[in-house]
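In what follows, a structure is listed as structure tokens, so that the remarks can point back to it.
As written, the chain order gives the labels A, B, C and D, with residue 1 at the start of each chain.
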Amino acid sequence: MGQDFVEVSINVLKLIVIFLLIVQAVPVLVWLERRGSALIQNRLGPNRVGWMGLMQLLADAVKFLFKEEFVPEKGIKVLYYAAPVVALIPATLAFCAIPLGHPIKVEAFHMLGHSWGPYVFPFQGYDMNIGIVFVLGVSSLAAYSLLLAGWGSGNKYSLLGALRASSQVISYELALGLAVVSMVLFYGTLNLSEMIRQQQGVLVFQAFGQMISVPWLPNWGIFYQPIAAILFFAATFAESNRLPFDLPEGEAELVAGFHVEYGGFKMLLFFIGEYGHMMVASALMTVFFFGGYQIPFVNPDEVYQNLTLSLGSSTLASVVTGFLHHLVFFLKFAIFLWIFIQVRWTLPRFRYDQLMDLGWRTMLPWALGNTMVTALVIFILNRSVGG
Amino acid sequence: MPLGGVFFIALFVALFGAFLLWLASRLGVKVNDPVKFESYECGLPVEERKDTKISVKFYLTAILFIIFDIEVIFMYPWALTFRDFLKGGFGLFSLIAMAAFVGIFVFGLFWEIRSKALEWD
Amino acid sequence: MQGLESFFEVGLNHYLILSTLLFACGLAGVLLRRNVIVIMMSIELMLNGVNLSFVAFSKYMAMLEGQIMVFFVMTIAAAEAAVGLALAVAIFKRFREVNIRYFEQLKG
Amino acid sequence: MASESFLFWLVALLTMAGALMTVTLTNPIFCALSLAVTMVGVSALFVTLDAYFLAGVQLIVYAGAVMVLFVMVLMLFDLKHEVKAFTRGIFSGALKIATVGLTAGLVSGAIFATMRVSPPTGEPHLAPANDLTAALGQLLYSQYVFGFEALGVLLLVVAVGAVALARSKGGTHAGS
């Protein structure tokens, strides 16, 4: 964690703030989803409570808090209550590992008769050197929450919904993993910060010993790996059980999927988990394919140096740089969240066999092919360099 | 690696969720009505069957997932070190080794597709 | 203080003892349980104990071979789980129960 | 380092609790869930041993795939609380427990004896973490490449075999 008291407490605080951000973002996203769907369907959506209906979700949360709590007769109490709590953990753990801004450097300073620092705080919960493997590993635990809910509520529809959901999640994890493999192959690292660092500046690559540069495009992963981007994004839709892949919740067949028996605040916790997955997916899209927190064409270190010159204090400049880049990250991130919402209200639902077909027979071969072609291209381009 | 941080936030989240659930159970009203505790099946009388038929496909999918997942996992260290092998002059060797592995993978995948193990109907 | 030192200075010994205990738990499960699936879970437990000792040795002897071995063991464990569960499902379809005794009936 | 050893004891406790519950609980679903806890604990132990990549693999393969399969199969079977979870016979049971205890005691004794004779000298350090994963890959795809390919074949065989087994009609005799 850290070396001294200040570092440890800041790191702890950072984790809590990130978690609270996830929780706070959910009402905003739900509001956005309802207003957005209304916009798409030519309705108004919630607009009475507060400005533009923004307080609606707060009112809903309070209402949820006052709903009656009960366990269904056939349910297993421990599992029934554990499921919504477990639903929160994977998304939070994964999100904490994603870099959200440029690391903040704090110069040594004196306070309370001690000298502290210098410190470097990464703008993320914790900097994992195996970054992406950790994120995938933690997200693969998400299946437990589904299965616990399905089994714990003692209802055959929720069990069916849970089985559907978890086999859908695991089916698409393969294509997801292979898309990530091609990104790892391309960047040559598992660390997310390092991946972002490699996407600096304008599009430059080496081919047959020559540097080819495209000055009007940023050096983003999407231009090298468009197929991986499409596969990854599609797979994350399935991973977070969103339309068009929300078969586990197909109302016409399964009542409401694995959370039929859940109401009130437990339901809200499931919601937070689901939106958390959406946020992790959007953040990973940003990191892998869209330069992470970096401003296109601009080197964060240059921003930092210029700010240091104009502001005078390097600590302050570092903080400003960090938050500036966080803002950029947030913009990119928000665009993907909006795409999630837009897609939900645009595309119809798949049939379950089509869903499985798409995962196993279309996306998996494409992802495999993409990985091998990437390796081949890297091999060919680099071989003629060395001679 | 910040194992402490991971444990801390996991514990924090769990306690946060548990606290909210506890709070909700304190604040809510309790009305005792036996019908409420029945399984929810859209209001129809609950139909009790001894053996709810669950398709064995779910579990077949899970088995195939495990096997292919391991094959994908094996590709991570390879993807990570492919450039090192290239620099060391063993790029072709590494590529062929993985191509053979992927060949086996693809063979398995096509066998499963042909044997209709992946077909849902 | 001998005891406190061994509490604060975690070394190879601690990991090995822990791995032994995990292995013993798994062994007890295999010997004592009747449910085939629980027996298979106990086998996974034993394999995990062994993996732990491999990784511990790999660190304290600074050799990566231990980790390679764990990779292989994990693969084989997963393969074993896949085939074992397929067998258990076959047994269950026939007898509606997964007691280990029914495996005696598995012949030609 | 006090904090590191504290973490070790915490994780070790978690892991052992999961392992004991796996063996003693009578509801198989709870057994599987506690085994999942053990798997996560072992993954954390791998982290304390600097095997970061293996820790991730442990999470993905064991906790995320194998245990999910176990839980799914148990739900498929819908096994209720087991009345006879343990094998019969007090005498044979005691004998079995004694065997297990003896094994554990023997191995622990051997560990203590060995360590007293030749304690591990210092703490040799491997390469830094990111390079460690790369080093693992380099070793796996150079020296152990044959084993790797053999595992590919093994997985193919398992995929074919498991599907064939699972799709069989069940039962041991044709037409039964």
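Here is the rule we go by: contacts are C-beta pairs under 8 Å (C-beta built on N, C-alpha and C of every residue); 3 or more make two chains touch, one makes a residue touch a chain.
This is a predicted model, so every value here is computed, not measured.
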If you tally the C-beta contacts for B-D and for A-D, which one comes out higher?
B-D
Could you work out how far the Cα centre of chain A sits from that of chain B, in whole Å?
17
Rounded Å distance, chain A centre to chain D centre (Cα mean):
29
How many angstrom between the C-alpha centroids of chain C and chain A?
34
Touching at least two other chains at once: which residues of chain A meet that condition?
1, 128-130, 133, 159, 163, 166-167, 170, 173, 189-190
Taking each residue of chain C in turn, which ones touch at least two of the other chains?
71, 74-75, 78-79, 81-82, 85-86, 89
In chain B, the residues touching two or more other chains are 1, 4, 6, 52, 54, 56, 58-59, 62-70, 73-74, 76, 80, 98, 105, 112
Can you list every touching chain pair?
A-B, A-D, B-C, B-D, C-D
Report the residues of chain B in contact with chain D in the complex, numbered from low to high.
1, 3-4, 6-7, 51-52, 54, 56, 58-60, 62-71, 73-74, 76-78, 80-81, 84-85, 90, 94, 97-98, 100-101, 104-105, 107-108, 111-112, 115, 117
Residue ranges of chain A touching chain B (in the complex, touch as defined)
1, 11-12, 15-16, 19, 64-74, 81, 84-85, 88-89, 92-93, 96, 125-130, 133, 153-157, 159-160, 163-164, 166-167, 170-171, 173-174, 177-178, 181-182, 184-185, 188-190, 255, 260-261, 264-266, 269, 352-353, 356-357, 360-361, 364-365, 368, 371-372, 375-376, 378-379, 382-383, 386
Using the touch definition from the top, list the residues of chain C that touch chain D in their complex.
7-18, 20-29, 31-35, 37-38, 40-42, 44-45, 48, 51-52, 55-56, 58-62, 64-65, 67-68, 70-72, 74-79, 81-83, 85-94, 98, 105-108
Residue numbers on chain D that touch chain B, as the complex places them
3, 7, 10, 44, 47-48, 52-53, 57, 60-61, 64-66, 68-69, 72-73, 75-76, 78, 129, 133-134, 136-138, 140-142, 145, 148-149, 151-153, 155-156, 158-160, 162-163, 166-167
Chain C contact footprint on chain D (complex, rising order)
2, 4-5, 8-9, 12, 15-16, 19-20, 22-23, 28, 31-32, 35, 38-39, 42, 45-46, 48-51, 53-54, 57-58, 61-62, 65-66, 69-70, 73-74, 76-77, 79, 82, 84-87, 93, 96-97, 99-101, 103-104, 107-108, 111-112, 115, 120, 123-126, 132, 135-136, 139-140, 144, 147, 151, 154-155, 158-159, 161-163, 165-166, 168-172, 176
